[in-house]
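Both of the next two complexes hold chain A, though its partner changes from chain B to chain C.
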Partner chain A sequence: MARRFLTLYGLLFFVFIYAPILLVVVYSFNANTVNMMIWSGFTFDWYRQIFGMETQVTESAIYVDSTDQLYAAIRTSLTVALSTSAFSTICGTALALAVARYRFRLAGFYRTLLMVPMIMPDIVLGIALLIFFITIGMNLSLMSIIIGQSTFLISYVFVTVSARLAEFDTSVEEASADLGATPAQTFRKVTLPGIAPGILGGWLLSFIISMDDLVITYFIAGTGNTTLPIHIWGMLRRGIKPEINAIATLMLLFTLVIAAIGLYFRSRRQK
Partner chain B sequence: MPAHLEIIGARKAFRTPEGGTMTALDGISLKLASAEFLTLLGPSGCGKTTLLRTISGFETLDDGDIVIDGVAVTQMPAHKRPVNTVFQRYALFNHMSVARNVGYALEIAGKSKREITARVGEMLELVGLSGMGKRSVSQLSGGQQQRVALARALAGKPKLLLLDEPLSALDKNLRQKMQQELKSIQRELGIGFVFVTHDQEEALTMSDRIAVLAHGRIQQIDAPSVLYQRPANLFTADFLGESNLLPVTLDGMSAHLADGQSFEVARPSGKATLLLRPEALAVTPPAGPSLSFSGRITQTYYSGKDHQIALDTGQLGPLTALIRTGGTPPEIGATVTLHAPAHGLHLIDETAA
Partner chain C sequence: MSLARRKFLQLLGLLGGPTLFLLVFFFGPLLIMVVYSFLTPGLYGGVDWIFSHLNYGRILGWADTRYEKFDPVFLSIFGRSLRLAALTVITSLLISYPAAFWISRMTPGRRDFAIFLVTLPFFVSLIVRLFAWVLILRPTGFLNQGLMGVGLTAQPIEFLYTDFAVILGMTYVFIPFMFLPLYGSIEKLDIAQIEASADLGATRFQTFRKVVLPATMPGIIGGAIITFIPALGNFIVPSVLGGAKVLMIGNLIEQQFLSARNWPFGSALAMLVMTAVLVLLVVQLRLARHGEH
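Let's look at the complex of A and B:
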């Protein structure tokens, strides 16, 4: 009895989590131009529309002139995500190494301080960053987005790399030094490969979060720097049209691919 | 021949989390000849690992000096010292193949590919792992990993090899096999080994000399047979092997046991302790003067060759003896008399703590 109940609970749980996502994926292939909730046949039209290819759908069913803007938004997002994730990965890794390896006063305090940005409400962080940039007289630009996102993405990298460092056996570093390697050689040949899965994980995580961030970025983007989430948000304000489903599905696919790459490298290293 | 390794007055104290200090090395001095096999033996926490780590350079001494081949290395960082270590948990590089592990020191030294390959092959053959070079170290058994650790430490031709309980993770059969191999490798290469173990038998069979440590000090450093037969103090006598320690009083001519028996000994008057190893006691009296002990058997253990018995002698307290009874096992409760020859007995001065 209890077992049945658990099975049912588990089932409902997954439906609860995945049904909305599944719905979006299904709708993205629905040919019905008027009401996406009614299935009227399979089509690739919404995808074709995104990429500016010819479709049979009428003007009213689509967002006008969105393709170029969408491309621009994707380009902006990728630029931001690549820079932010690279910067955050380097800083977060360095911080994790420093906190794990050096004994200094208030180490625990710094550790906590480094985690706080993760639990900080996005709105608060967004407003704070906006006010900060205005105060120091910095123009809102790609740069401000990169700096702003890095302030909390460093925390994510810090946590992932720290977790890996905690289980990293430092005796191999001693073995390396014992065999004549300088500290720099030891770092390159032993430490770095040892914590690489953590660094890779932190990098992918910060990349995905950066691609996805709306609230904080919205505050600090200024005008003319439209990232993909901001662009989609803008489209939604002009009504929900089926194209959105196709974009969402593509983003989902993109994220899954990145996660799969991460898992692949992780499992390969553990072998 | 100059000493290969010389440690002079090494001191090291650690700060404990409670705010006190813990003296791990309390003035250790020793010399190691080249090609000597020295074992550090002592109870847990006596400073064996700390001593090894100061030689390899992972701990800095508070005081004292370490000299290798006439060069003081006390202030030298670990990676510059001509010493390699076989770590207790091997500390192999899991992300590298066996061959790359073994060739690591040469890779670091910037040797050519060809040279590295040749030396790695040589080392793998030495430790009996020929043809395993391509494997990943995590695919190896504990004994094989141990060999890789040994090959890796030897590949760079260190002047001195340090081994911290390298065999402790192996089962008994493999351990005995590795003991012999280690010993023969050491002879073949002719380099000094400083070996740490908890296993007394291992220490006694493998070493040229053994240093018995306790409380951060060397209690005695001698050849195994000397250490076993003529321990310098009560600690060594008690720590190494089974022993019966009987207090005696000396009057300048002879020593007297508490039960009135005496034997001749040339020592000044005072108090001392007589060391009687269990195997020195026998059922049949020896020719010549002897000491005898009667008592009731309180316990027996059969070891395969001998019977170890615990005897309650009353006045002299409990005694342990190893006896060969030729088939009929001794019975608990029976009364026996055991004899020990009264010459060549070893006395320990009470003052030598």
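Let's look at the complex of A and C:
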């Protein structure tokens, strides 16, 4: 009896998690242009609009934001996410290697310190960065977004790579050294391939978080640099429109593919 | 070059760049924000480099009556933020705990897949997840359609722009934060202890209260803290689901920076959030130490 109740509860838990997301996906195919909440048939029109194609429903043309703006936002987001994740991955990996493989007095201190950016409320970091950039006279630009996001993404990469380093057997490295490999050779041939899944995981994680970051980017983006989340945020503020469903579904697909790749590598690593 | 020296140089090469970057671009901004919270706001949105404690006075109760009036509304908004964040923690705990228990009893293969499913929404865009709840809660939304369809209400209920909507939204967004630490400690539960407790005649409730709950307390505290912190300073969820009716401290801070343009006051408000977070972390450290002894 108790067990059956627990199972029911567990299933409801997953309904709670997934039903809202599924609703967005289903309703992105809703043909109703008058009331987006009432199902009136299947259509690809909202997707066609996003891709700038002609649609049968001319009425809905009043909804369309310029697709150029949408594309520009996607480009900005990709540029920022690629730069930020690359930079954060390099810094985070370097820090993880230093803390895990060298004995120095500040190692424990670093471990604690690198937690701080992750628990800092994002609005605090956002306004602090805004004040900082304005005070030192730096223009708000793509550069300021990349710098700002990196300050906390380094920590995410650090944690991911550190976890991999911790379960990585040091005796293999010692064996490599015993067999006459130089430290550089050992690093290249043993350590790096060993922690590669961790680095890849950290890179994907920082890429996804960067693509999705709204709060910090919101404060330091300035006027000309609209990322995808900020663009959608603006659309939402102007009113709920059916095409947001379609954009949301495409974003969903994109992040799910990346998350699936990351989790696939993680599960392979564990076996 | 000696080995020690070479090691030292390698270490410096690894640490130097990132350390410098974080010092300048992470700790630098936080320091400047602290300084700003003690400066005088300029007349036209800028800042005058004159010391002032009135930014804090406006919030906490002392003020210069000329233009920097004390207004209890700031403390009450902060109080509401604390309350909503606490309720979010409780809701997500109540939702996650039985689910984590259920998943911990599965076969290993299923278990991994279930955890994968719980983590997956974390990677789905925040704004998309909130938008979904707007569709559900708005007057013409699914919830109202359902309620009216069944005949429970004749008129749509205004779910959107209420405390309820904000708590629901934050719970939904932060579920993985609560679930994972909880699951970590529930998974480690010693089944033999639970069985022993039952064998010795304890009721289910007694076993839960005396054995299960204390053993999973670290997970509860850990989950509560990492859910509470982002909930407290949140301004996206209250903006989307709370509208102008449910202001949280995050909205207030945002206003100071983007419309009111009173940066020193906004910084002081942010310091309030930071202080709350620090107090919480110190308490947690104390509790963790206490648990070790």
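Annotations for the structure displayed:
Everything below uses one rule, namely that the second predicted complex is superposed on the first by the 254 of 271 C-alpha atoms of A that agree within 3 Å, B and C clash if a C-alpha of one lies under 4 Å from a C-alpha of the other, contacts with A are read in each partner's own complex, and residues count from 1 in each chain.
Methods note: a residue touches a chain if its C-beta (ideal position, glycine included) is under 8 Å from a C-beta of that chain, and two chains touch if they have at least 3 such contacts.
Everything numeric here is computed off the predicted structure, so don't read it as measured data.
In this overlay on chain A, chain B fits alongside chain C without clashing. By the touch criterion defined above, A:N139 lies against neither chain B nor chain C after alignment on the C-alpha atoms of chain A. By the document's definition of touching, neither partner reaches A:T223: not chain B, not chain C.
Of the two partner chains, chain C is the only one that A:L6 touches; chain B does not reach it. Rounded in steps of 10, the angle chain B-chain A-chain C defined by Cα centres in the superposition reads 90°. Contact comparison for chain A: of chain B and chain C, C touches the greater number of residues.
In the overlay built on the shared chain, the residue A:M251 is in contact with chain C alone; chain B does not reach it.
By the touch criterion stated above, A:T182 is placed in contact with chain B alone, chain C being left untouched. Using the contact criterion defined above for the overlaid structures, shared-chain residue A:P193 touches chain B, although it does not reach chain C. By the touch criterion defined above, A:T112 lies against neither chain B nor chain C after alignment on the C-alpha atoms of chain A.
Put simply, chain B and chain C get as close as 8 Å, counting only Cα atoms, in the superposed view. No residue of chain A touches both chain B in one complex and chain C in the other. Residues 2, 6-7, 9-10, 13-14, 16-18, 20-21, 23-24, 27, 35, 37, 91-92, 94-95, 97-98, 102, 104, 110, 116-117, 119-125, 127-132, 135, 147-148, 150-152, 154, 208, 211-212, 214-215, 219, 229, 232-233, 236, 240, 244, 248, 251-252, 255-256, 258-259, 263, 267 of chain A touch chain C in their complex.
Within the complex formed with chain A, the residues of chain C that make contact are 7, 10-11, 14-15, 17-18, 21-22, 25-26, 28-30, 32-33, 36, 95-96, 98-99, 101-103, 105, 112, 116-118, 120-121, 123-129, 131-136, 138, 140-142, 145, 172, 175, 204, 226, 229-230, 232-236, 240, 250, 253-254, 257-258, 263, 266-267, 270, 273-274, 277, 281. Put simply, chain B touches chain A in their complex at residues 56-58, 77-80, 83-85, 87, 89, 91-95, 104-105, 108-109, 136, 138, 152-153, 156. Looking at the complex, you find that chain A touches chain B at residues 169, 171-172, 174-183, 185-186, 189-190, 193-194, 269, 271.
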